[in-house]
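Consider the two complexes below, in which chain A is the common component and chain B and chain C are the respective partners.
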Partner chain A sequence: MQEKILEVDGLCTQFRTERGLLKAIDGVSFDVYRGEMLGIVGESGCGKSVTSQSILRLYDEKRLVKYSGEIRFEGKNLFDIPMKQMRQIRGEKISMVFQDALSSLNPVFTVGNQIVESLRIHRKLSKKEAEEKAVKMLELVGIPDPRRRFYQYPFELSGGMRQRVMIAVALACSPRLLIADEPTTALDVTIQAQIMDLIVDMNRRMDMGVMLITHDLAVVAETCSRVIVMYLGQIVEEGSVDDIFDRPAHPYTKGLIEAVPKMDGDRSRRLHQIDGTVPLLSQIPSGCRFAPRCPYASERCRKEMPELKTIGATQKVRCHCVTEEQGKEA
Partner chain B sequence: MRKFIVKRVLSVIPVLIVVSVVIFLLVHLVPGDPAAAMLGDMASAEDIAALRAKMGLDRPLIEQYFVWIINMFKGDFGNSVANGEPVLSVVISHLMPTVSLALYALIIAALIAIPMGMAAAQKKGTVIDHVVTVCSLAGVSLPSFLLGLFLMLLFSVRLRLFPVSGYTEMSEGLVQHLRSITLPAIALGFMNAALMMRMTRASMLEVLNSDYIKMARAKGVKEKWILGKHAFKNALVTVITVFGQSIVHALAGAAVVESLFAIPGLGQLMVNSIGRRDYYVIQAIVMLIAVFNVLINMLIDILYGVVDPRVRIR
Partner chain C sequence: MTAEKERVPVLKGEGIRKYYQTGGSIGRGKHFVKAVDGVDISICEGEIYGLVGETGCGKSTLGRTLMGLTEATDGKIRILGKDIGGMKKSEITGLRRNIQMVFQDPYTSLDPRQKIGDILMEALEIHKIGTKEERMEAALKIMGTVGLRPEHFYRYPHEFSGGQRQRIGLARALILSPKIIICDEPVSALDVSIQAQIINLLQELREKQNISFLFIAHDMSVVRHISDRIGVMYLGHMMEEAPTDELFARTVHPYSKALLSAVPNPNPHQKKERIVLKGDLPSPLNPPPGCVFHTRCPYATEECSIRRPDMKEIAPGHKVACLKV
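Showing the complex of A and B:
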């Protein structure tokens, strides 16, 4: 396997609220390797975005959030370094692309300006050099007539264009890790495919690790090599894309995969859905967190929290029902 | 951008026409006869009628209106009924104190309010935030004449730092001039400061929660740039609006504060002129304030366009 660029070890992210601390992320550990595309999937409210924003320490640590665990990047624990160093890593070594490009690009600055800013902060380029480089970045992400677009404002571009601009901003300093937080959710299907192609292309060209956060399993199946499935702030299953899609072990993963509509499915049948909704963080069930929605839940599941255990070469799962049966099922 | 400005400037014309008609009608339909007022109680009906004819008051209203408008364009606002002086020179002689006072009040307000509002937004929920919130609530609730009296009592009567009332011209020394209008400026500016503070805080809070601020942080932008550049430019639209309102408020509110501190400004002139039914002076002042109001609003609209590129397109 390739070198690890990011190691997340026992990450807990707790939010301070009026009713005490709420644990949004509970002991999440995973690695990201150089040049790989790692998919993180789960329903809304499962902690995918919180995980990614915790990596960059984007939450207000004085008032809002309490982190524990370790995030190691280039030999340093990101939670130990001062904010000044953290700022140097943000945008330079680890970049982020957000869901909605219209609200994530500053409406009152030109798109060129927003790429230049990144370059000026991290690369200390002169204004002229930074502008040249920014135009090149716009070209690289597939924006036609980049010199003209450079002087336009985000609202003057189409949705797909804006997402390309955001990718250009994120990649301006050739980061080692790109965190893409639902980069295609706000886009049309055709544009989605284009943007995913662009991300995959950049991933290969720049040899950077990509963490793709999404609830779109089809996108993960097509682009990623490994997948992490999250539920209520925990990893419930992880493994290679092949393993997870061919032999999903966790009932939640199975539910997610079955919930994807199929072209050749029986049209008269209702689409599959996972019963219930993701509980609030203040009402986390004891025992297995998925138990209240799980069709296979037993008494043990409701009382005792399962550990994340290895069940194959790449696959790990957090479920009491697996282990012995896994052999039979696979 | 040029097209946007031209469009905005042209849109002012119909507004001004309506405003001039309303002002003219208001003044002329209010009971009281300037000719009678000028000649005093002892005047005979014939004398009054003669003066009315001389002043053109016997002619149809519509004719009077056009005469007024046309003369105004020639720079002739008529003569004051009270002392026969040209209205223009009367107004100009009272203009300086008001402009000086309003400007001073606005500068004090803006210098205090904008940084305080920004600080309160950034440090939401802390002591600074609470202080700002309480101050702005007090500022909005406290009428300027009451605040003026308190200030007078404390700083002039007790501490003897400032004159109790009266006005010193700028030609007699800047320090003396500023001393004479400091208390009135605070009295006048406090409410505006309070409004500005609230609005700055509110719009900064909204902006600071937005995705593009998160994005800027994820890019590694320093916190002071996030606040001063990314957030402030977005919050500026609201701040400009409040600032524009404050300019208009300051001019209108000056009447009260000027009376309280005996400052011979436009506000005082207007109050006195209404008392003596000095038609031409009232018309001129109200028109001046209205024109000013419209121009300020126009300027603010244009500034929106400068700050926010999305406004220019419409």
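Showing the complex of A and C:
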């Protein structure tokens, strides 16, 4: 197995609200390996974005949030180090690409400047060196005429170009881990295809781990090697792409895959639907969190929370109905 | 299903153009954004017509123009066979009952200060239908149709989830028993599991009540699943139009091909050839001459930059606007 670059162990993220603490993430553990593309999927409110932002400690810890668990990166627990050290890791060792490039880039600086900033802070390059490198980065992410684009502002670029700039900013210091949070959700399919190709290409060339956070299963199927499925702040299933798409074990994973219309699917058939909606965090059901929407739920599911158990070489699932033998058969 | 659908079009647009003026201040000339530039479209009874294209291609503007939310710069709109040009306002309002719309964002398209019951009954009040009791009865009935419970009648929109709000939007459209509903990206703000619920509901409505839909969306797999016929738009022009199975079996226009090839496939074992288009969508302020797609088309020749292609019928119901066909 490849070298682990990030270990998330028992992560809990709780938000302080007027009505007390809300557990948005409840005991999430996973590893990210060097050079891999890991997909984290789930619907809105499942905690996939909160997980990624917790890794970088982006929430206001004084007022908003309470973390527990450990996030180990390069031998250190990220929750133990001072904020100053955390800021050195952000952008240099772990970078992030957000969904909305227009609001994530600074509107009053040229795009070139924003890459230069990162290089000057983390790599201590001279202005001239940093500018040279920034132009190279723009070229690397496939922006035509990079010298001219260097002096343009974010609003002058199209959505796809802006996302490329964000990727250039994120990759400028050759991070070990890139977290891409819904990087193509706001883009059209043709542009989405270009951006995903770029991310896959960068992943191979720079040998960095990529955590792709998305609600789009098809994007994950096309690009990732490993997949984590989340529901209501917990991991419900984890496995290789083949595990998840060929033999999904959790009823929620199965439901999600079947709910997406296929390009070669039978059009006369009704789409599979998961009834009900994702409950609010303040109304988390006891027992298995998916039980109220699960067609196979039994009395036990409603009372007892299932553990995440290993059912194959690479597959883990959190469901009472799946035994180890079943996992092997399926 | 397509052969028997050779029926009266419930909604027809001929040569629809919608230009928006920009600039025009001192020292500057007037410019026009040609959002929709000469599109023919017709939707038959009980048909689901899918309209696809990328951001800025004019699909939403076309929908809004057909709905009458903005006035067309040029072109004819026929509702149930009647040309609404030159009609009196009151006549148009009467006819408009037959077209309703469902919007993309279920959070901003419902009045936050009105209860669900009032939102639904308002449409009936405007068209002066029934007594108060009858309106209430109709509202409750329609809520049942879209899967809302009677106790939701006195609740406010903020008390509902995205999927439920989209059901309210649909109920509001249905209460006037329209012949056609224009859905502008009705599921793109929803999660996949909820999206499937709404899509199944739309199909059920079509089967039970024979309502036609103009289904505007950018998600090809959803459009393929639900539509009988599909139109592909690019930069204000219709590029290709065909019955769904025909379009997917025999994609002709280079733009449609590129668009379809870019759709990600939820099967990790099928890797397919992807046609990557060069560059970005040109500005509709200054669309390219000739075929609007020639700047990004891999097969473009000099002729394409001079002559604008017309829609040609190459098979029954399959029309393409390309000089190379």
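Just so it is clear, the second predicted complex is superposed on the first by the 325 of 330 C-alpha atoms of A that agree within 3 Å, B and C clash if a C-alpha of one lies under 4 Å from a C-alpha of the other, contacts with A are read in each partner's own complex, and residues count from 1 in each chain.
Here, contacts are C-beta pairs under 8 Å (C-beta built on N, C-alpha and C of every residue); 3 or more make two chains touch, one makes a residue touch a chain.
Note that the coordinates shown come from a computational prediction; the quantities given were computed from them, not determined experimentally.
Aligning the two structures on chain A places chain B and chain C next to each other without any clash.
Computed from Cα centres after superposition, the angle at chain A between chain B and chain C reads 70 degrees (steps of 10).
More residues of chain A are in touch with C than with the other of chain B and chain C. In the superposed model, A:197 lies in contact with chain C only, and not with chain B. In the superposition on chain A, A:313 contacts neither chain B nor chain C. Between chain B and chain C in the chain A overlay, the least Cα distance found is 8 Å.
Across the superposed pair, chain B and chain C touch chain A at no common residue. By the touch criterion given at the top, residues 125, 210-212, 214-222, 230, 233-234, 307-310 of chain B touch chain A in their complex. Interface residues of chain A facing chain C in the complex, by the touch rule stated above, are 43-44, 144, 158-161, 188-194, 196-197, 215-219, 221-222, 241-242, 245, 255-257, 259-263, 265, 267, 270-275, 277-278. Put simply, chain A touches chain B in their complex at residues 53, 56, 58, 63, 87-92, 95-96, 98, 100, 103-109, 117-118, 121-122, 153, 155, 166, 169.
By the touch criterion stated above, chain C contacts chain A in their complex at residues 54-55, 161, 163-164, 191-197, 199-200, 203, 218, 220-222, 224-225, 244-245, 248, 258-268, 271, 274, 276-277, 279-281.
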